[in-house]
Amino acid sequence: MFAEIKGLNEECGIFGIWNHSQAAEMTYYGLHSLQHRGQEGAGIVSTDGIKLKGHRNLGLLADVFKHGELKNLQGKGAIGHVRYSTTGEKDLNNVQPFLFHFQQSSFALAHNGNLINAVSLRRELEASGAIFQTSSDTEVLAHLIKKSQTGNFWDDCKMALKRVQGGFAYLLLTENALIAALDPNGFRPLSIGKVGDSYVVASETCAFETVGAEFVRDVEPGEILCIDEKGLHIEHFTKDTRHSICSMEYIYFARPDSNIAGINVHSARKRSGKMLAEEAFIQADIVTGVPDSSISAAIGYAEESGIPYELGLIKNRYVARTFIQPSQALREQGVRMKLSAVSGVIKNKKVVMVDDSIVRGTTSKRIVQLLRDAGASEVHVRIASPPLIYPCFYGINIQQQSELIAANYTKEEICQMIAADSLEYLSIDGLVEAIGRPYPDEPYGGLCMAYFNGDYPTPLCDYENGYVFNRK
Amino acid sequence: MFAEIKGLNEECGIFGIWNHSQAAEMTYYGLHSLQHRGQEGAGIVSTDGIKLKGHRNLGLLADVFKHGELKNLQGKGAIGHVRYSTTGEKDLNNVQPFLFHFQQSSFALAHNGNLINAVSLRRELEASGAIFQTSSDTEVLAHLIKKSQTGNFWDDCKMALKRVQGGFAYLLLTENALIAALDPNGFRPLSIGKVGDSYVVASETCAFETVGAEFVRDVEPGEILCIDEKGLHIEHFTKDTRHSICSMEYIYFARPDSNIAGINVHSARKRSGKMLAEEAFIQADIVTGVPDSSISAAIGYAEESGIPYELGLIKNRYVARTFIQPSQALREQGVRMKLSAVSGVIKNKKVVMVDDSIVRGTTSKRIVQLLRDAGASEVHVRIASPPLIYPCFYGINIQQQSELIAANYTKEEICQMIAADSLEYLSIDGLVEAIGRPYPDEPYGGLCMAYFNGDYPTPLCDYENGYVFNRK
Amino acid sequence: MFAEIKGLNEECGIFGIWNHSQAAEMTYYGLHSLQHRGQEGAGIVSTDGIKLKGHRNLGLLADVFKHGELKNLQGKGAIGHVRYSTTGEKDLNNVQPFLFHFQQSSFALAHNGNLINAVSLRRELEASGAIFQTSSDTEVLAHLIKKSQTGNFWDDCKMALKRVQGGFAYLLLTENALIAALDPNGFRPLSIGKVGDSYVVASETCAFETVGAEFVRDVEPGEILCIDEKGLHIEHFTKDTRHSICSMEYIYFARPDSNIAGINVHSARKRSGKMLAEEAFIQADIVTGVPDSSISAAIGYAEESGIPYELGLIKNRYVARTFIQPSQALREQGVRMKLSAVSGVIKNKKVVMVDDSIVRGTTSKRIVQLLRDAGASEVHVRIASPPLIYPCFYGINIQQQSELIAANYTKEEICQMIAADSLEYLSIDGLVEAIGRPYPDEPYGGLCMAYFNGDYPTPLCDYENGYVFNRK
Amino acid sequence: MFAEIKGLNEECGIFGIWNHSQAAEMTYYGLHSLQHRGQEGAGIVSTDGIKLKGHRNLGLLADVFKHGELKNLQGKGAIGHVRYSTTGEKDLNNVQPFLFHFQQSSFALAHNGNLINAVSLRRELEASGAIFQTSSDTEVLAHLIKKSQTGNFWDDCKMALKRVQGGFAYLLLTENALIAALDPNGFRPLSIGKVGDSYVVASETCAFETVGAEFVRDVEPGEILCIDEKGLHIEHFTKDTRHSICSMEYIYFARPDSNIAGINVHSARKRSGKMLAEEAFIQADIVTGVPDSSISAAIGYAEESGIPYELGLIKNRYVARTFIQPSQALREQGVRMKLSAVSGVIKNKKVVMVDDSIVRGTTSKRIVQLLRDAGASEVHVRIASPPLIYPCFYGINIQQQSELIAANYTKEEICQMIAADSLEYLSIDGLVEAIGRPYPDEPYGGLCMAYFNGDYPTPLCDYENGYVFNRK
């Protein structure tokens, strides 16, 4: 049962806008800048005040809307969603926003995050006769809202939000309002911007740059907000809150030009690289980073260490979903599609290879091999985050513990497995300092560090019995 | 008439392989690594020893072959082509390789470069009754070969190659041989590699990395080579040769991991940045480069100047051909799709913005504006090549002289037009030194510097009267 | 509200099979022969005993399954649906079969017909918290089944079936059974066949011919049947039944090679034509029919009257959905896409033009004009059914009364409006006799004649107040 | 070599129009009515007086132009082509009209028919250096025109037309004229019509009905005509002519509403059926025809014999190219896609099954079987044309003699092979009389009867040695 629900809304991007004459188009551009958060599917729902209309499909945003579908999405309000690719669950039904029609009204719903009590809630709802159309945990919220029946939609929403647990940033569109809500820990980022007379809400501030909006403020944990003809209205649906911002957003998931809790992501990464150079310096000829997410950290490492930074690894910009991958035979013959090592730069050099993280270790092993094939005399791997040991239940698709190499092997064993000359990680404290403690008075400065130390900021609910946390 | 022929085969990528059980598939991967040389169209022709079969279409390689078309291209030899997008000439007929069928035999032809006597030759051929199917200058060579009628295909090819002038790297596939040829100036790069028992020929050495091949040697100016069951055989079709390697390949066109004439492209670019820092240092807070082609030069500038290198500009990886571009109204409102400035990094900083070149000046102006909008206190533009003043006739799609800003305005005027605080270019000598004089005894060390100084290494033939070269 | 629900499942085709190694493929061929019942959308759901899998889309069956989607639909049981095109309601969500997933089980549902109490039921269900995904009345049954909660699926189905009213033929697939049900009046046809060890259920017997099955028996009004590993089991969910077979199925909707209630459709039509010749003979040179549905009646008319039957009207076989229709200007110039009159046959002839029915009169007018343009000296229109005066609420998409020309004008007025030389209809009694009174002891021999005389065999429920039945 | 050229332009439809503000659109509708002549590919070329623009692709007309391609084809003149599907030669390159660009001018060419000296001409042209882009014999004419070089395009055309032999109806479009030509035997139909101030030329007169044009006159054998701003001008390119109109056009190829040489096709077919009833009457219960092409003859047979005509066989209207065909296993189980026998009509009846012709016999055998499976007590096959014994070289895709069942077996043997109770053909004289001797003073009244008696009206040129004509 876990497998069917888990992971479905993880690592997504959401964007909403209210009071703009081209709301759907603006949402398209906003989603465009959030495309790195989800390439599996995309959708937009807009409202013209009377009716909600939507379009969604599997694929990249540009493909989903390539036949002029935007033209049908009139109106002054819109929300959109881009969805991450999780193997084996590619199903149009799970592409968001979901659109729910009733005889009297409609609403659309988009979700970034992962609920930890979705299985229990769904069991309970089905027992009372509810019919679910998708295997997504997002639909649970819709049923909870519908069942609340306080007679007031805003109160229905608040009542429903109190029942869901885990990581969630929701956008909800009705005929006459845009509603947003963030979980009580603020696991996922969600910010408010303004462009002209229009409010926008987005997973990352980079979307504001793209649509020409100015940053207003972040949505805080436990908040629900409504944007309608009366403007922006914010309340708490719960006061039992605490900041636990996903540190993985800083490490590799967010775009470098976004700010989360006021901290620029590129700068946080560069500082991680510098901190790593302090904690784990090694004499070498060049520093190189794994494109794209580790470049900032690599530059930081180079700057701090004084070792020149070079483009030792090139990522092919044109590796698309439709690409035919080499057969095993050709792969053994050395055919490679995604990354190339620049032998003209690497040859006979001692190389420091900076990466943001190691999950299974297979990619690291391949890159070390690439560098050696290109003539590197030594390859020293430096990871700009601590070892990943614990799974995430709040919306980052980190594999089961059994697949996390650092949960099963020592640093020395891993170094040997990836065939590096040396391997070092950034420390937990080093990471917290490098990111910069956005909320200095809260644990870990307001960050969630559970992947590194198992210190989950909430009970685990449905997942409680699903995992055993042992460390070698 | 010029407009119809000019530019059609410019800036392409070609790849061929002989004696490989999966020749077409290898060609696909080879072309994949050359995709940056052409995104408009792609095609592959293979031979099984008896018949030539091909598939080609408009679009990116992965899209062209996404429905399993590779499976039909059996055989041990293949050639492929990726083609650059030139506005308004998108026509399936012009996508290569061209496949010519005769009652007795067939051959396929792929071309990178631009002929300077194609109009004259075509006029002559049509007068004698020839029918052309395309507006491409490539077809001229096929007619010349067919008309040669020496009774020997190899001699027909050599006779035809003596008649065409300009920049050309050709690949030609028959049922039982792969033939390649390079123009007498070697304007375009073309290299030979080997993987197992198979020879490969490619526009850039980065393709060798991708298919697991080892570099054998470059094709030299005026050479024709044949690969067949007897192996590799190389001759000169003319001895009247000289190296005039396109310097633009080093500056922005080739992939940083390629080597041209033994010189790594990233390293050449980084040296250009260092040289630029020497020639045109300015005190600033950060150095940033325009992704992707100027990153190497920017790193070089930062390293030499001691000013920190930062990711001040982010390129959206997902801007596809199918993307809906913002309307003028939205663009004025600040909606941007491709580049973002990282305000978290730029704000209140003096910025050195390094770019590889300025063509019309419009892009530079836009980027300077982006940086200022993001809060840069000063923007100093540094160009890692000399001013572009003269058009190219050998295969780089540089606009007409009237569109080259540096052909019409002084440096000071351009600085004002792009609204920079200062503007400096690399010198011609500086560029030649930075690239590294691959052929030290030849003019400009074996490079073509015509775009910068009008010193064309050949007569201009059909283009002689089409352009007047005045400099303000 | 009516507009949103009415018409959504009208005039569809359904097919199911159990215990066949290629169940989905057989369903595809079965639906193929039912394609005339619905060209808007198609879908198939199959079960392998553990899981239900489905595929559906807008478009013709062949287009919906053209990319090999059948291969994913493994298993020994399957149901399928083809859906009629109702203007303005083209929505993928409404394409059937619907697939409902629960934590413990799943079922799929396909429906032919129209409920008359769907609005009331939906209002009631939504009030209790149900969320509907579609605007289709089919979903109502799913919610009723889910709410029944007798603890036994078969009883849940029976309880739900007692609540829905109107015209319905349902197919329902679970992991281990195929269930079918027919409304208490048997408005829509539904028959059982057998091929090898497999049972099939289909809207028309022509599907049995296509899949090589033999006819077993019709499903009777008020019956529910189950096919599973124990074989075929039939019960009544209600005993309050009466035959009211839609006479329009005989007149124009069903395929001529189908038998309904044991009566061949072509033969019924031919007899209608003969009866029409008896009731409304006129001396003429040729008889011609409007292809395809009126050919049988025209042949009957010719045979009975002794006037030669000719192909006076030709239908273009290639008019597809994607066809570009002539602009108004070109239409006025005489450009026609669908029907042509054969002037070589028509010229200077007195023509009897036999058609199956007149709805709005616009088509008849156009055809009379076509025949006159082709040189007919006289055009006598003979309609092989009585005037259509009353709307249908049981699943035939007959327009609102205001659009039915015969509800608003006299025969003489209509004759003038369509510019015919004479116009005659078949009488109600004549039609009942011609079809052949399948159930001689029941009113109208077991047929529903409500369109002609307003004698609806059931109360009208939600529609009661929606229409006023006046006749001029 | 034969296989490569033979058959490529057989059985096509062509349409041209001059002086119409929506020339391309009119051509689209004209081709639409000629779609039965070719479903493999379609194309249109138009001219705006300065430039020729075209679009063509594999597939049905509606699919080829479904993305708005017509909008790009501006101008007052246009020609179009629909192409027949010949197995294994599906190649976009062979889809017409062909468009030839020269430095000074362009022309487009469309062809219906088959040349009998194409191989010789192509060999000769290639020997002189010509490059062919297609395997189509149509391209030969373009090269011949180009080589003529009389200094006058009209004379070039006439000179080229004198060299090609066989069956051909050509349309040729230049920037300022529409040219048409018909072979000296007039094998293929070609007619001139007029709509407003525009002339149209089409393969069949049914296209005139569709576009609202009036018939002007047929193009006569050996004629070339030009339509330009001066109007219609007709000449003979040769006076050595004779009428040899393809009798197959009447028998099964043309549309029943077309007139060829003034004779309506449906009427000719109906007369064939009547004549067949005279020549080969048999007592039976019903007459049925194989849809669609044999319906007219069956009606004629019924009318003459007095036996009732019934819809005993139904063709599925929705069998599209994309249809998935039943696997062999399912076919053996009785799954059928295209034709159904109406058992309600057939059961226990003596059936006369009228068909237009027998080629290989496999289809006839299948239909007889269908009728027997549906319960026919006897099946008597009556063919409304004489036995097909000789191949056609002028443009009808009749198989090689080895595949013509009547060339290899006696009538009695065939009757046994197709398992009929009796089999009779129409006589050669009967067919000539039934069609009606359009040119009474010429052999066979101006018809080509070669398929039946080997009396080819021309020498066979390249085909002379390819076939041996023996009859059992």
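Brief remarks on what is shown
To keep things simple, chains are lettered A, B, C and D as they appear, and every chain counts its residues starting from 1.
Everything below uses one rule, namely that a residue touches a chain if its C-beta (ideal position, glycine included) is under 8 Å from a C-beta of that chain, and two chains touch if they have at least 3 such contacts.
The shown structure was predicted, so the numbers you read here are calculated from the model rather than taken from an experiment.
The set of chains in contact with subunit B as well as subunit D is empty. Using the mean of the Cα atoms as each chain's centre, the chain most removed from subunit D is A. When the contact pairs of B-D are matched by residue number across A-C, C-D or A-B, over half of them reappear in A-C. A straight line joining the Cα centres of subunit B and subunit C is 62 Å long. Work out the mean CA point of subunit A and of subunit C, and you get 50 Å between them. As a whole-number value, the distance joining the C-alpha centres of subunit A and subunit B reads 37 Å. Residues of subunit A in contact with at least two other chains: none. Taken as a graph of touching chains, this assembly is arranged as a ring, one closed cycle with exactly two partners per chain. Taken together, the chains touch in the following pairs: A-B, A-C, B-D, C-D. Against subunit B, the residues of subunit D that register as touching in their complex are 1, 100-103, 119, 122-123, 126, 128-133, 135, 142-143, 146-147, 149. Note for the complex: subunit A touches subunit B at residues 22, 25-26, 28-29, 32-33, 35-36, 39, 60-63, 65-66, 70, 195-196, 206, 209-213, 255-257, 259, 263-267, 270, 292, 295-296, 299, 303, 308-311, 314, 316-320, 322-324, 326-327, 329-330, 333-337, 340-345, 374.
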